[in-house]
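Here come two complexes built around chain A, the first alongside chain B, the second alongside chain C.
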Partner chain A sequence: MARVIIPFPYRKYTDNEREIVIDAPDLEGTMKRLVQMHEGLNVLFEQPKLLSIFVNGRLVKVQQKDWSQISLKQDDEISLIIPIAGG
Partner chain B sequence: MTGLSSLKNIFLPEALWDDVKSHCRRKLAGEYLPGETRVKRAYGMLAGTLDGDAAHVLKIFYFKKNARMHEPLKSYMDDVMNRYAVASKTPLSQRGWITDPEELRECYEICDRDDLLAIGTYHMHIVPWDHDRLRDTPTKLDMILAKNSNLFSFIISLVDPSRPIIRAFYEGIREKEVPIIIS
Partner chain C sequence: MRERFDRYNRQILLEGWGVDTQVRLRNSRVFVAGIGGLGCPVALNLALAGIGIIRICDSDMVDITNLNRQFLHRDVHIGAKKTSSAKECLRGLNPDSGIETIDKKITSENVNELVGDAQIIIDCLDNFEARYALSQCALKKGIPMIHGAVWGMEGRVAVFQPPHTPCISCVFPSAPESECTPVLGAVTSATGSMQAMEALKFLSGRKMALSGRMLIMDFEAMKFQELELVRNPSCPICRQS
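Let's turn to the complex of A and B:
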(Lines of atoms letter the chains of each structure in order from A and count residues from 1; the text may use other names and numbers.)
(Lines give C-alpha, C1' and ligand atoms only; values in the text may rest on other atoms or scores of the structure.)
Protein backbone atom coordinates (compact mmCIF):
# COMPACT_ATOMS: atom_id res chain seq x y z
CA MET A 1 0.00 0.00 0.00
CA ALA A 2 1.78 3.12 -1.20
CA ARG A 3 0.58 6.57 -0.24
CA VAL A 4 0.31 9.07 -3.09
CA ILE A 5 0.49 12.71 -1.97
CA ILE A 6 -1.56 15.01 -4.18
CA PRO A 7 -0.30 18.61 -4.32
CA PHE A 8 -2.90 21.15 -3.24
CA PRO A 9 -3.67 22.60 -6.69
CA TYR A 10 -4.84 19.17 -7.88
CA ARG A 11 -6.91 18.17 -4.87
CA LYS A 12 -10.02 19.46 -6.56
CA TYR A 13 -9.81 16.23 -8.55
CA THR A 14 -9.68 14.06 -5.41
CA ASP A 15 -12.56 15.58 -3.44
CA ASN A 16 -9.96 17.44 -1.39
CA GLU A 17 -8.13 14.29 -0.35
CA ARG A 18 -4.44 14.97 0.27
CA GLU A 19 -3.38 11.35 0.32
CA ILE A 20 -4.55 8.43 -1.78
CA VAL A 21 -3.64 4.93 -0.63
CA ILE A 22 -3.11 2.47 -3.46
CA ASP A 23 -2.28 -1.22 -3.41
CA ALA A 24 -0.07 -1.95 -6.42
CA PRO A 25 3.33 -3.62 -6.74
CA ASP A 26 5.06 -0.92 -8.76
CA LEU A 27 4.92 2.69 -9.89
CA GLU A 28 3.20 1.92 -13.17
CA GLY A 29 0.38 0.06 -11.47
CA THR A 30 0.02 2.78 -8.87
CA MET A 31 -0.29 5.54 -11.46
CA LYS A 32 -2.82 3.55 -13.49
CA ARG A 33 -4.92 2.89 -10.44
CA LEU A 34 -4.68 6.52 -9.38
CA VAL A 35 -6.23 7.87 -12.58
CA GLN A 36 -8.83 5.11 -12.53
CA MET A 37 -9.88 6.30 -9.09
CA HIS A 38 -9.65 10.03 -9.91
CA GLU A 39 -10.01 10.61 -13.62
CA GLY A 40 -9.33 14.35 -13.35
CA LEU A 41 -5.76 13.60 -12.36
CA ASN A 42 -5.07 12.72 -15.98
CA VAL A 43 -4.18 16.40 -16.23
CA LEU A 44 -0.93 15.56 -14.42
CA PHE A 45 0.14 13.37 -17.31
CA GLU A 46 -0.74 15.71 -20.19
CA GLN A 47 2.80 17.11 -20.41
CA PRO A 48 5.11 14.21 -19.55
CA LYS A 49 8.15 16.50 -19.51
CA LEU A 50 6.66 18.43 -16.60
CA LEU A 51 5.79 15.64 -14.20
CA SER A 52 8.30 14.86 -11.47
CA ILE A 53 7.74 11.85 -9.22
CA PHE A 54 9.38 11.48 -5.84
CA VAL A 55 9.42 8.21 -3.91
CA ASN A 56 10.16 8.77 -0.23
CA GLY A 57 11.54 12.19 -1.06
CA ARG A 58 13.87 11.01 -3.82
CA LEU A 59 13.36 12.01 -7.42
CA VAL A 60 12.60 9.08 -9.73
CA LYS A 61 14.72 9.57 -12.83
CA VAL A 62 13.20 7.00 -15.13
CA GLN A 63 10.92 7.49 -18.10
CA GLN A 64 7.27 6.58 -17.98
CA LYS A 65 7.82 3.43 -20.07
CA ASP A 66 10.04 2.07 -17.29
CA TRP A 67 7.81 2.82 -14.32
CA SER A 68 7.09 -0.90 -13.93
CA GLN A 69 10.73 -1.30 -12.83
CA ILE A 70 10.11 0.84 -9.76
CA SER A 71 8.90 -1.56 -7.08
CA LEU A 72 6.98 -0.15 -4.17
CA LYS A 73 6.88 -1.26 -0.57
CA GLN A 74 4.34 -0.88 2.18
CA ASP A 75 4.02 2.78 3.25
CA ASP A 76 6.20 4.17 0.46
CA GLU A 77 5.29 7.80 -0.07
CA ILE A 78 4.92 9.08 -3.62
CA SER A 79 4.77 12.81 -4.37
CA LEU A 80 3.66 14.11 -7.76
CA ILE A 81 4.93 17.54 -8.72
CA ILE A 82 4.11 19.68 -11.73
CA PRO A 83 6.40 22.73 -11.73
CA ILE A 84 4.84 26.17 -11.91
CA ALA A 85 6.09 28.57 -14.54
CA GLY A 86 5.88 32.25 -15.37
CA GLY A 87 6.95 34.39 -18.31
CA MET B 1 -14.22 20.61 -4.01
CA THR B 2 -11.21 22.68 -3.09
CA GLY B 3 -10.61 25.45 -5.54
CA LEU B 4 -9.63 29.05 -5.74
CA SER B 5 -11.69 29.88 -8.80
CA SER B 6 -14.61 31.28 -6.82
CA LEU B 7 -12.64 33.72 -4.66
CA LYS B 8 -13.92 37.28 -4.40
CA ASN B 9 -11.05 38.92 -2.49
CA ILE B 10 -7.46 38.28 -1.54
CA PHE B 11 -6.20 39.92 1.64
CA LEU B 12 -2.47 40.65 1.68
CA PRO B 13 -0.94 42.07 4.87
CA GLU B 14 1.12 45.16 4.18
CA ALA B 15 4.20 43.64 5.84
CA LEU B 16 4.12 40.67 3.46
CA TRP B 17 3.62 42.97 0.47
CA ASP B 18 6.71 44.87 1.64
CA ASP B 19 8.60 41.55 1.74
CA VAL B 20 7.55 40.72 -1.81
CA LYS B 21 8.64 44.17 -3.01
CA SER B 22 12.00 43.74 -1.27
CA HIS B 23 12.46 40.36 -2.95
CA CYS B 24 11.74 41.86 -6.38
CA ARG B 25 13.98 44.88 -5.85
CA ARG B 26 16.84 42.76 -4.54
CA LYS B 27 16.75 40.49 -7.58
CA LEU B 28 16.41 43.47 -9.90
CA ALA B 29 19.53 44.96 -8.31
CA GLY B 30 21.44 41.75 -9.04
CA GLU B 31 21.92 40.84 -5.38
CA TYR B 32 21.72 37.08 -4.90
CA LEU B 33 21.58 34.73 -1.94
CA PRO B 34 23.78 31.62 -1.74
CA GLY B 35 22.30 28.90 -3.95
CA GLU B 36 20.05 31.31 -5.78
CA THR B 37 19.86 31.29 -9.58
CA ARG B 38 21.60 34.45 -10.76
CA VAL B 39 18.86 36.03 -12.86
CA LYS B 40 17.28 39.43 -12.34
CA ARG B 41 13.82 37.99 -11.83
CA ALA B 42 11.91 37.22 -8.68
CA TYR B 43 9.55 34.27 -8.45
CA GLY B 44 7.66 33.24 -5.37
CA MET B 45 4.49 31.77 -3.93
CA LEU B 46 1.81 33.28 -1.73
CA ALA B 47 0.20 30.83 0.68
CA GLY B 48 -2.51 31.27 3.24
CA THR B 49 -5.98 30.27 4.30
CA LEU B 50 -9.50 30.49 2.92
CA ASP B 51 -12.41 32.10 4.74
CA GLY B 52 -15.55 31.76 2.67
CA ASP B 53 -14.86 33.47 -0.62
CA ALA B 54 -11.78 35.32 0.64
CA ALA B 55 -8.16 34.22 0.83
CA HIS B 56 -5.79 35.53 3.47
CA VAL B 57 -2.11 35.49 2.59
CA LEU B 58 -0.04 34.40 5.58
CA LYS B 59 3.28 33.26 4.15
CA ILE B 60 5.60 33.99 1.24
CA PHE B 61 7.87 31.37 -0.32
CA TYR B 62 10.79 32.87 -2.22
CA PHE B 63 11.87 30.43 -4.88
CA LYS B 64 15.63 30.31 -5.23
CA LYS B 65 16.15 27.99 -8.15
CA ASN B 66 15.03 28.55 -11.71
CA ALA B 67 14.96 25.20 -13.51
CA ARG B 68 14.63 26.98 -16.87
CA MET B 69 17.94 25.62 -18.14
CA HIS B 70 17.47 22.06 -16.89
CA GLU B 71 16.14 19.32 -19.15
CA PRO B 72 13.46 18.18 -19.71
CA LEU B 73 11.94 21.44 -18.45
CA LYS B 74 14.20 23.53 -20.70
CA SER B 75 12.86 22.06 -23.94
CA TYR B 76 9.27 22.49 -22.71
CA MET B 77 9.91 26.14 -21.87
CA ASP B 78 11.82 26.77 -25.11
CA ASP B 79 8.87 25.47 -27.08
CA VAL B 80 6.30 27.56 -25.20
CA MET B 81 8.48 30.68 -25.33
CA ASN B 82 9.08 30.33 -29.06
CA ARG B 83 5.38 30.04 -29.71
CA TYR B 84 3.93 32.65 -27.37
CA ALA B 85 6.53 35.10 -26.03
CA VAL B 86 6.49 38.66 -27.33
CA ALA B 87 9.86 39.64 -28.76
CA SER B 88 12.03 41.63 -26.41
CA LYS B 89 15.63 42.73 -26.03
CA THR B 90 16.21 39.75 -23.70
CA PRO B 91 16.79 36.51 -25.64
CA LEU B 92 14.01 33.95 -25.23
CA SER B 93 16.50 31.44 -23.88
CA GLN B 94 17.07 33.72 -20.90
CA ARG B 95 13.41 34.48 -20.21
CA GLY B 96 10.88 32.63 -18.09
CA TRP B 97 10.98 30.89 -14.76
CA ILE B 98 9.99 27.34 -13.94
CA THR B 99 10.15 26.10 -10.40
CA ASP B 100 12.64 23.48 -9.36
CA PRO B 101 10.52 20.36 -8.62
CA GLU B 102 12.35 19.61 -5.37
CA GLU B 103 11.96 23.17 -4.12
CA LEU B 104 8.27 23.13 -4.98
CA ARG B 105 7.78 19.76 -3.27
CA GLU B 106 9.31 21.17 -0.09
CA CYS B 107 7.07 24.22 -0.37
CA TYR B 108 3.94 22.04 -0.61
CA GLU B 109 5.17 19.94 2.33
CA ILE B 110 5.49 23.04 4.50
CA CYS B 111 2.03 24.18 3.41
CA ASP B 112 0.52 20.82 4.42
CA ARG B 113 2.40 20.83 7.73
CA ASP B 114 1.24 24.36 8.56
CA ASP B 115 -2.31 24.01 7.20
CA LEU B 116 -1.70 26.56 4.48
CA LEU B 117 -2.98 26.52 0.93
CA ALA B 118 -0.98 27.55 -2.10
CA ILE B 119 -2.84 30.60 -3.44
CA GLY B 120 -0.61 31.50 -6.35
CA THR B 121 2.78 32.49 -7.65
CA TYR B 122 4.18 35.91 -8.41
CA HIS B 123 6.61 37.23 -10.93
CA MET B 124 7.51 40.71 -12.04
CA HIS B 125 7.27 42.72 -15.23
CA ILE B 126 9.85 45.47 -15.53
CA VAL B 127 9.92 46.66 -19.12
CA PRO B 128 7.15 48.97 -20.41
CA TRP B 129 5.72 48.17 -23.81
CA ASP B 130 4.43 50.80 -26.26
CA HIS B 131 0.91 49.39 -26.05
CA ASP B 132 1.12 48.49 -22.34
CA ARG B 133 3.02 51.02 -20.27
CA LEU B 134 2.24 49.59 -16.83
CA ARG B 135 2.66 45.88 -17.59
CA ASP B 136 0.46 44.99 -14.64
CA THR B 137 -1.57 42.29 -16.39
CA PRO B 138 -0.67 38.78 -17.59
CA THR B 139 0.67 38.30 -21.08
CA LYS B 140 -0.59 35.57 -23.36
CA LEU B 141 2.54 33.65 -22.40
CA ASP B 142 1.69 34.04 -18.71
CA MET B 143 -1.78 32.65 -19.39
CA ILE B 144 -0.44 29.68 -21.34
CA LEU B 145 2.02 28.83 -18.58
CA ALA B 146 -0.66 29.12 -15.89
CA LYS B 147 -3.20 26.97 -17.71
CA ASN B 148 -4.64 24.20 -15.51
CA SER B 149 -2.47 25.35 -12.60
CA ASN B 150 -5.53 25.91 -10.39
CA LEU B 151 -3.59 28.81 -8.90
CA PHE B 152 -3.53 32.58 -9.15
CA SER B 153 -0.89 34.42 -11.14
CA PHE B 154 0.19 37.50 -9.25
CA ILE B 155 1.70 40.07 -11.59
CA ILE B 156 3.98 42.64 -10.04
CA SER B 157 4.66 45.69 -12.15
CA LEU B 158 8.02 47.21 -11.39
CA VAL B 159 8.08 49.39 -14.48
CA ASP B 160 8.34 52.24 -11.99
CA PRO B 161 10.26 50.65 -9.09
CA SER B 162 9.13 53.43 -6.77
CA ARG B 163 5.46 52.61 -7.43
CA PRO B 164 5.06 48.82 -7.61
CA ILE B 165 1.67 47.35 -8.46
CA ILE B 166 0.35 43.87 -7.68
CA ARG B 167 -2.69 42.28 -9.30
CA ALA B 168 -4.08 38.73 -9.15
CA PHE B 169 -5.54 36.69 -12.02
CA TYR B 170 -6.85 33.16 -11.66
CA GLU B 171 -4.78 30.94 -13.96
CA GLY B 172 -3.39 34.08 -15.57
CA ILE B 173 -6.71 34.93 -17.22
CA ARG B 174 -7.31 38.69 -17.45
CA GLU B 175 -11.08 38.30 -17.13
CA LYS B 176 -10.62 36.37 -13.88
CA GLU B 177 -8.99 39.11 -11.85
CA VAL B 178 -9.68 39.15 -8.11
CA PRO B 179 -9.09 42.33 -6.09
CA ILE B 180 -6.19 42.34 -3.67
CA ILE B 181 -6.83 44.18 -0.42
CA ILE B 182 -3.60 45.30 1.21
CA SER B 183 -4.31 45.64 4.89
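Let's turn to the complex of A and C:
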Protein backbone atom coordinates (compact mmCIF):
# COMPACT_ATOMS: atom_id res chain seq x y z
CA MET A 1 0.00 0.00 0.00
CA ALA A 2 2.01 2.98 -1.26
CA ARG A 3 0.90 6.55 -0.77
CA VAL A 4 0.92 8.79 -3.84
CA ILE A 5 1.18 12.51 -3.08
CA ILE A 6 -0.73 14.51 -5.68
CA PRO A 7 0.80 17.86 -6.70
CA PHE A 8 -1.37 20.82 -5.74
CA PRO A 9 -2.30 21.94 -9.28
CA TYR A 10 -3.73 18.47 -10.01
CA ARG A 11 -5.82 17.95 -6.92
CA LYS A 12 -8.85 19.13 -8.86
CA TYR A 13 -8.76 15.66 -10.40
CA THR A 14 -8.80 13.87 -7.03
CA ASP A 15 -11.62 15.79 -5.33
CA ASN A 16 -8.88 17.75 -3.51
CA GLU A 17 -7.41 14.59 -1.99
CA ARG A 18 -3.71 15.01 -1.18
CA GLU A 19 -2.82 11.36 -0.79
CA ILE A 20 -4.08 8.36 -2.72
CA VAL A 21 -3.33 4.97 -1.22
CA ILE A 22 -2.77 2.25 -3.80
CA ASP A 23 -2.06 -1.43 -3.43
CA ALA A 24 0.24 -2.48 -6.29
CA PRO A 25 3.57 -4.28 -6.34
CA ASP A 26 5.48 -1.77 -8.45
CA LEU A 27 5.50 1.76 -9.80
CA GLU A 28 3.93 0.81 -13.12
CA GLY A 29 0.97 -0.86 -11.44
CA THR A 30 0.58 2.03 -9.03
CA MET A 31 0.47 4.64 -11.78
CA LYS A 32 -1.96 2.60 -13.86
CA ARG A 33 -4.27 2.19 -10.88
CA LEU A 34 -3.96 5.88 -10.04
CA VAL A 35 -5.16 6.90 -13.48
CA GLN A 36 -7.97 4.33 -13.38
CA MET A 37 -9.16 5.84 -10.11
CA HIS A 38 -8.75 9.46 -11.22
CA GLU A 39 -8.88 9.69 -15.00
CA GLY A 40 -8.04 13.40 -15.11
CA LEU A 41 -4.55 12.64 -13.82
CA ASN A 42 -3.71 11.40 -17.30
CA VAL A 43 -2.55 14.98 -17.95
CA LEU A 44 0.44 14.27 -15.73
CA PHE A 45 1.74 11.74 -18.21
CA GLU A 46 0.96 13.71 -21.38
CA GLN A 47 4.09 15.86 -20.94
CA PRO A 48 6.63 13.43 -19.48
CA LYS A 49 9.40 16.06 -19.55
CA LEU A 50 7.54 18.04 -16.89
CA LEU A 51 7.06 15.14 -14.48
CA SER A 52 9.60 13.78 -12.01
CA ILE A 53 8.77 10.92 -9.69
CA PHE A 54 10.38 10.46 -6.28
CA VAL A 55 10.01 7.42 -4.06
CA ASN A 56 10.67 8.19 -0.41
CA GLY A 57 12.34 11.45 -1.42
CA ARG A 58 14.68 9.87 -3.99
CA LEU A 59 14.40 10.45 -7.72
CA VAL A 60 13.27 7.55 -9.90
CA LYS A 61 15.75 7.64 -12.76
CA VAL A 62 14.30 4.95 -15.00
CA GLN A 63 12.05 5.75 -17.95
CA GLN A 64 8.32 5.13 -17.93
CA LYS A 65 8.62 1.89 -19.91
CA ASP A 66 10.72 0.43 -17.09
CA TRP A 67 8.56 1.45 -14.15
CA SER A 68 7.74 -2.20 -13.49
CA GLN A 69 11.36 -2.53 -12.25
CA ILE A 70 10.61 -0.22 -9.33
CA SER A 71 9.08 -2.43 -6.69
CA LEU A 72 7.23 -0.79 -3.85
CA LYS A 73 6.92 -1.62 -0.18
CA GLN A 74 4.26 -0.96 2.39
CA ASP A 75 4.13 2.76 3.30
CA ASP A 76 6.39 3.92 0.47
CA GLU A 77 5.70 7.55 -0.38
CA ILE A 78 5.55 8.49 -4.07
CA SER A 79 5.87 12.18 -4.90
CA LEU A 80 4.80 13.41 -8.32
CA ILE A 81 6.72 16.61 -8.96
CA ILE A 82 5.99 19.13 -11.70
CA PRO A 83 7.50 22.60 -12.05
CA ILE A 84 5.40 25.43 -10.65
CA ALA A 85 6.09 28.97 -11.71
CA GLY A 86 4.35 31.14 -9.14
CA GLY A 87 6.39 33.63 -7.17
CA MET B 1 29.88 50.19 17.93
CA ARG B 2 27.48 48.95 20.60
CA GLU B 3 24.87 51.59 19.80
CA ARG B 4 25.11 50.79 16.11
CA PHE B 5 24.33 47.13 16.72
CA ASP B 6 21.67 47.53 19.42
CA ARG B 7 19.02 46.99 16.76
CA TYR B 8 20.38 43.48 16.24
CA ASN B 9 20.86 42.58 19.89
CA ARG B 10 18.45 39.64 19.90
CA GLN B 11 20.08 37.94 16.91
CA ILE B 12 23.59 38.69 18.14
CA LEU B 13 22.60 36.58 21.15
CA LEU B 14 22.17 33.54 18.89
CA GLU B 15 24.75 30.81 19.56
CA GLY B 16 27.74 31.37 17.29
CA TRP B 17 26.46 34.73 15.98
CA GLY B 18 27.90 37.69 17.89
CA VAL B 19 28.96 41.10 16.61
CA ASP B 20 31.41 39.53 14.13
CA THR B 21 28.58 37.84 12.27
CA GLN B 22 26.59 41.03 12.31
CA VAL B 23 29.52 42.88 10.74
CA ARG B 24 29.67 40.12 8.15
CA LEU B 25 25.98 40.63 7.28
CA ARG B 26 26.50 44.38 7.06
CA ASN B 27 29.20 43.73 4.44
CA SER B 28 27.02 41.32 2.44
CA ARG B 29 25.43 41.82 -0.96
CA VAL B 30 22.31 39.96 -2.10
CA PHE B 31 20.45 39.89 -5.41
CA VAL B 32 16.69 39.48 -5.03
CA ALA B 33 15.11 38.57 -8.37
CA GLY B 34 11.50 39.73 -8.24
CA ILE B 35 9.85 41.81 -5.55
CA GLY B 36 6.43 40.17 -5.63
CA GLY B 37 4.86 37.53 -3.39
CA LEU B 38 8.14 35.85 -2.47
CA GLY B 39 10.43 38.85 -2.94
CA CYS B 40 8.58 40.94 -0.34
CA PRO B 41 9.15 38.56 2.62
CA VAL B 42 12.68 37.80 1.41
CA ALA B 43 13.70 41.47 1.22
CA LEU B 44 11.89 42.29 4.48
CA ASN B 45 13.74 39.62 6.45
CA LEU B 46 17.10 40.48 4.89
CA ALA B 47 16.63 44.18 5.67
CA LEU B 48 15.57 43.52 9.25
CA ALA B 49 18.60 41.28 9.73
CA GLY B 50 20.92 44.09 8.62
CA ILE B 51 22.16 42.94 5.20
CA GLY B 52 24.41 45.68 3.78
CA ILE B 53 23.24 45.74 0.17
CA ILE B 54 19.96 44.30 -1.07
CA ARG B 55 19.70 44.63 -4.82
CA ILE B 56 16.09 44.18 -5.90
CA CYS B 57 15.21 43.63 -9.54
CA ASP B 58 11.70 43.77 -10.99
CA SER B 59 10.27 45.46 -14.08
CA ASP B 60 6.62 45.37 -13.00
CA MET B 61 4.31 48.08 -11.71
CA VAL B 62 2.14 47.62 -8.65
CA ASP B 63 -1.34 46.31 -9.47
CA ILE B 64 -4.29 46.02 -7.10
CA THR B 65 -4.26 42.21 -7.53
CA ASN B 66 -0.78 42.14 -5.94
CA LEU B 67 -1.94 43.56 -2.64
CA ASN B 68 -3.23 40.35 -1.00
CA ARG B 69 0.38 39.20 -0.56
CA GLN B 70 2.96 41.76 -1.67
CA PHE B 71 3.04 43.72 1.57
CA LEU B 72 5.84 46.13 0.68
CA HIS B 73 3.44 47.75 -1.79
CA ARG B 74 0.35 49.71 -0.72
CA ASP B 75 -2.77 51.14 -2.36
CA VAL B 76 -1.00 54.46 -2.85
CA HIS B 77 1.65 52.68 -4.92
CA ILE B 78 -0.72 51.26 -7.52
CA GLY B 79 0.72 52.10 -10.93
CA ALA B 80 4.17 52.87 -9.48
CA LYS B 81 7.30 50.79 -9.97
CA LYS B 82 7.44 47.87 -7.56
CA THR B 83 11.10 48.53 -6.89
CA SER B 84 10.30 52.11 -5.78
CA SER B 85 7.55 51.17 -3.35
CA ALA B 86 9.63 48.30 -1.96
CA LYS B 87 12.63 50.55 -1.45
CA GLU B 88 10.53 53.15 0.34
CA CYS B 89 9.10 50.55 2.70
CA LEU B 90 12.39 48.74 3.34
CA ARG B 91 14.25 51.96 4.14
CA GLY B 92 11.59 52.75 6.69
CA LEU B 93 12.07 49.34 8.30
CA ASN B 94 15.84 49.56 8.53
CA PRO B 95 17.75 52.58 7.30
CA ASP B 96 21.03 50.65 7.81
CA SER B 97 20.38 48.42 4.82
CA GLY B 98 21.31 49.76 1.42
CA ILE B 99 18.57 49.12 -1.11
CA GLU B 100 19.58 49.15 -4.77
CA THR B 101 16.84 48.97 -7.37
CA ILE B 102 16.87 47.73 -10.95
CA ASP B 103 13.71 48.15 -13.06
CA LYS B 104 14.59 45.66 -15.74
CA LYS B 105 13.40 42.31 -16.95
CA ILE B 106 16.01 39.61 -16.37
CA THR B 107 17.30 38.04 -19.58
CA SER B 108 20.21 35.78 -20.46
CA GLU B 109 21.86 38.84 -22.06
CA ASN B 110 21.75 41.19 -19.07
CA VAL B 111 21.71 38.82 -16.07
CA ASN B 112 25.44 38.85 -15.32
CA GLU B 113 25.53 42.62 -15.23
CA LEU B 114 22.38 42.88 -13.11
CA VAL B 115 23.57 40.41 -10.48
CA GLY B 116 26.94 42.17 -10.39
CA ASP B 117 29.01 41.43 -7.30
CA ALA B 118 26.18 39.86 -5.26
CA GLN B 119 27.24 36.88 -3.16
CA ILE B 120 23.98 35.01 -3.53
CA ILE B 121 20.91 35.05 -5.80
CA ILE B 122 17.42 34.63 -4.43
CA ASP B 123 14.94 33.47 -7.05
CA CYS B 124 11.55 35.03 -6.33
CA LEU B 125 10.45 34.99 -9.95
CA ASP B 126 7.24 33.83 -11.59
CA ASN B 127 8.67 32.36 -14.79
CA PHE B 128 11.21 29.74 -15.78
CA GLU B 129 12.85 31.59 -18.65
CA ALA B 130 14.40 34.10 -16.25
CA ARG B 131 15.08 31.34 -13.70
CA TYR B 132 17.21 29.48 -16.24
CA ALA B 133 19.12 32.71 -16.98
CA LEU B 134 19.71 33.27 -13.26
CA SER B 135 20.88 29.70 -12.86
CA GLN B 136 23.46 30.11 -15.62
CA CYS B 137 24.65 33.32 -14.00
CA ALA B 138 24.94 31.67 -10.57
CA LEU B 139 26.99 28.87 -12.09
CA LYS B 140 29.26 31.29 -13.94
CA LYS B 141 29.87 33.39 -10.83
CA GLY B 142 30.13 30.36 -8.53
CA ILE B 143 27.43 31.61 -6.17
CA PRO B 144 24.38 29.81 -4.79
CA MET B 145 20.81 30.38 -5.93
CA ILE B 146 17.92 29.93 -3.55
CA HIS B 147 14.82 28.91 -5.45
CA GLY B 148 11.29 29.55 -4.26
CA ALA B 149 7.94 28.87 -5.91
CA VAL B 150 4.30 28.76 -4.88
CA TRP B 151 1.04 27.38 -6.24
CA GLY B 152 -2.15 27.54 -4.22
CA MET B 153 -1.39 26.31 -0.71
CA GLU B 154 1.94 24.79 -1.72
CA GLY B 155 5.34 26.42 -1.30
CA ARG B 156 8.75 25.12 -2.36
CA VAL B 157 12.30 26.05 -1.43
CA ALA B 158 15.55 24.57 -2.75
CA VAL B 159 19.19 25.63 -2.78
CA PHE B 160 21.11 25.12 -6.02
CA GLN B 161 24.87 25.36 -5.89
CA PRO B 162 26.47 23.39 -8.74
CA PRO B 163 28.85 21.59 -8.99
CA HIS B 164 28.12 20.58 -5.38
CA THR B 165 24.40 20.23 -6.13
CA PRO B 166 22.21 20.04 -9.24
CA CYS B 167 21.09 23.26 -10.92
CA ILE B 168 17.45 24.14 -11.48
CA SER B 169 17.62 22.85 -15.05
CA CYS B 170 18.71 19.39 -13.83
CA VAL B 171 15.52 19.21 -11.77
CA PHE B 172 13.16 21.02 -14.12
CA PRO B 173 14.51 20.69 -17.67
CA SER B 174 11.27 21.95 -19.21
CA ALA B 175 9.29 25.01 -18.25
CA PRO B 176 5.55 24.90 -17.63
CA GLU B 177 3.24 27.18 -19.57
CA SER B 178 2.79 30.54 -17.89
CA GLU B 179 -0.47 30.88 -16.02
CA CYS B 180 -2.19 33.04 -13.44
CA THR B 181 -1.60 30.96 -10.33
CA PRO B 182 -3.88 30.99 -7.28
CA VAL B 183 -2.02 31.98 -4.11
CA LEU B 184 -2.54 33.08 -0.54
CA GLY B 185 -0.39 35.73 1.16
CA ALA B 186 0.40 33.51 4.11
CA VAL B 187 1.87 30.91 1.72
CA THR B 188 4.20 33.38 0.01
CA SER B 189 5.17 34.90 3.38
CA ALA B 190 6.12 31.55 4.88
CA THR B 191 7.93 30.35 1.75
CA GLY B 192 9.83 33.62 1.23
CA SER B 193 10.82 33.69 4.90
CA MET B 194 12.37 30.25 4.49
CA GLN B 195 14.33 31.45 1.47
CA ALA B 196 15.59 34.39 3.53
CA MET B 197 16.51 32.00 6.35
CA GLU B 198 18.75 29.97 4.05
CA ALA B 199 20.34 33.16 2.67
CA LEU B 200 21.08 34.44 6.18
CA LYS B 201 22.71 31.14 7.08
CA PHE B 202 24.93 31.31 4.02
CA LEU B 203 25.90 34.93 4.56
CA SER B 204 26.64 34.34 8.23
CA GLY B 205 28.90 31.38 7.40
CA ARG B 206 26.49 28.63 8.40
CA LYS B 207 25.52 25.60 6.41
CA MET B 208 22.40 25.87 4.25
CA ALA B 209 20.17 22.98 5.26
CA LEU B 210 18.46 22.82 1.86
CA SER B 211 21.60 22.63 -0.25
CA GLY B 212 20.81 20.04 -2.94
CA ARG B 213 17.39 19.34 -1.45
CA MET B 214 13.89 20.63 -2.07
CA LEU B 215 11.37 21.21 0.65
CA ILE B 216 7.75 21.02 -0.51
CA MET B 217 5.37 22.51 1.99
CA ASP B 218 1.70 21.65 1.82
CA PHE B 219 0.19 24.38 3.96
CA GLU B 220 -3.31 22.93 3.56
CA ALA B 221 -2.40 19.63 5.25
CA MET B 222 0.60 21.13 7.08
CA LYS B 223 2.72 18.27 5.79
CA PHE B 224 6.20 18.73 4.35
CA GLN B 225 8.05 16.55 1.85
CA GLU B 226 11.80 16.58 1.48
CA LEU B 227 13.35 15.55 -1.83
CA GLU B 228 16.95 14.73 -2.55
CA LEU B 229 17.92 16.42 -5.82
CA VAL B 230 20.38 14.78 -8.19
CA ARG B 231 22.46 16.17 -11.02
CA ASN B 232 21.54 15.39 -14.59
CA PRO B 233 24.77 14.37 -16.37
CA SER B 234 23.41 15.72 -19.65
CA CYS B 235 22.09 19.00 -18.21
CA PRO B 236 22.62 21.76 -20.80
CA ILE B 237 23.45 24.31 -18.09
CA CYS B 238 25.74 22.60 -15.59
CA ARG B 239 27.07 19.40 -17.19
CA GLN B 240 30.54 20.86 -17.75
CA SER B 241 30.94 22.33 -14.29
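Convention: the second predicted complex is superposed on the first by the 84 of 87 C-alpha atoms of A that agree within 3 Å, B and C clash if a C-alpha of one lies under 4 Å from a C-alpha of the other, contacts with A are read in each partner's own complex, and residues count from 1 in each chain.
As a convention for this text, contacts are C-beta pairs under 8 Å (C-beta built on N, C-alpha and C of every residue); 3 or more make two chains touch, one makes a residue touch a chain.
Everything numeric in this text was worked out from a predicted model, so none of it was measured.
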Let me test your reading of the model: by the given contact rule, A:Val60 touches which partner, first (chain B), second (chain C), both or neither? neither
For A:Val35, decide between first (touching chain B), second (touching chain C), both and neither. neither
Could you tell me if A:Gln47 is touching chain B, chain C, both of them or neither one (first, second, both, neither)? both
Tell me which partner A:Ala24 touches in the superposition: chain B (first), chain C (second), both or neither. neither
By the touch definition at the top of the document, which applies to A:Lys12: first (chain B), second (chain C), both, or neither? first
Just to be sure I read the superposition right, which of the two partners does A:Gly87 touch: chain B = first, chain C = second, or both, or neither? both
Dual-contact residues of chain A (chain B, chain C) 5, 7-9, 18, 47, 49-50, 52, 54, 57, 59, 79, 81, 83-87
Using the touch definition from the top, list the residues of chain A that touch chain C in their complex. 5, 7-9, 18, 47, 49-50, 52, 54, 57-59, 61, 77, 79, 81-87
Touching residues on chain A, where the partner in the complex is chain B: 5, 7-12, 15-16, 18, 43, 46-47, 49-50, 52, 54, 57, 59, 79, 81, 83-87
Contacting residues of chain C [partner chain A, same complex]: 34, 36-39, 123-128, 148-154, 156, 171-176, 178-179, 181, 183, 188, 216, 218, 220-221, 223, 225-230
Applying the document's contact rule, which stretches of chain B touch chain A when the two form their complex? 1-3, 43, 45, 67, 72-73, 75-77, 80-81, 85, 95-102, 104-105, 108, 111-112, 117-118, 121, 123, 139, 141-142, 145-146, 148-151, 153
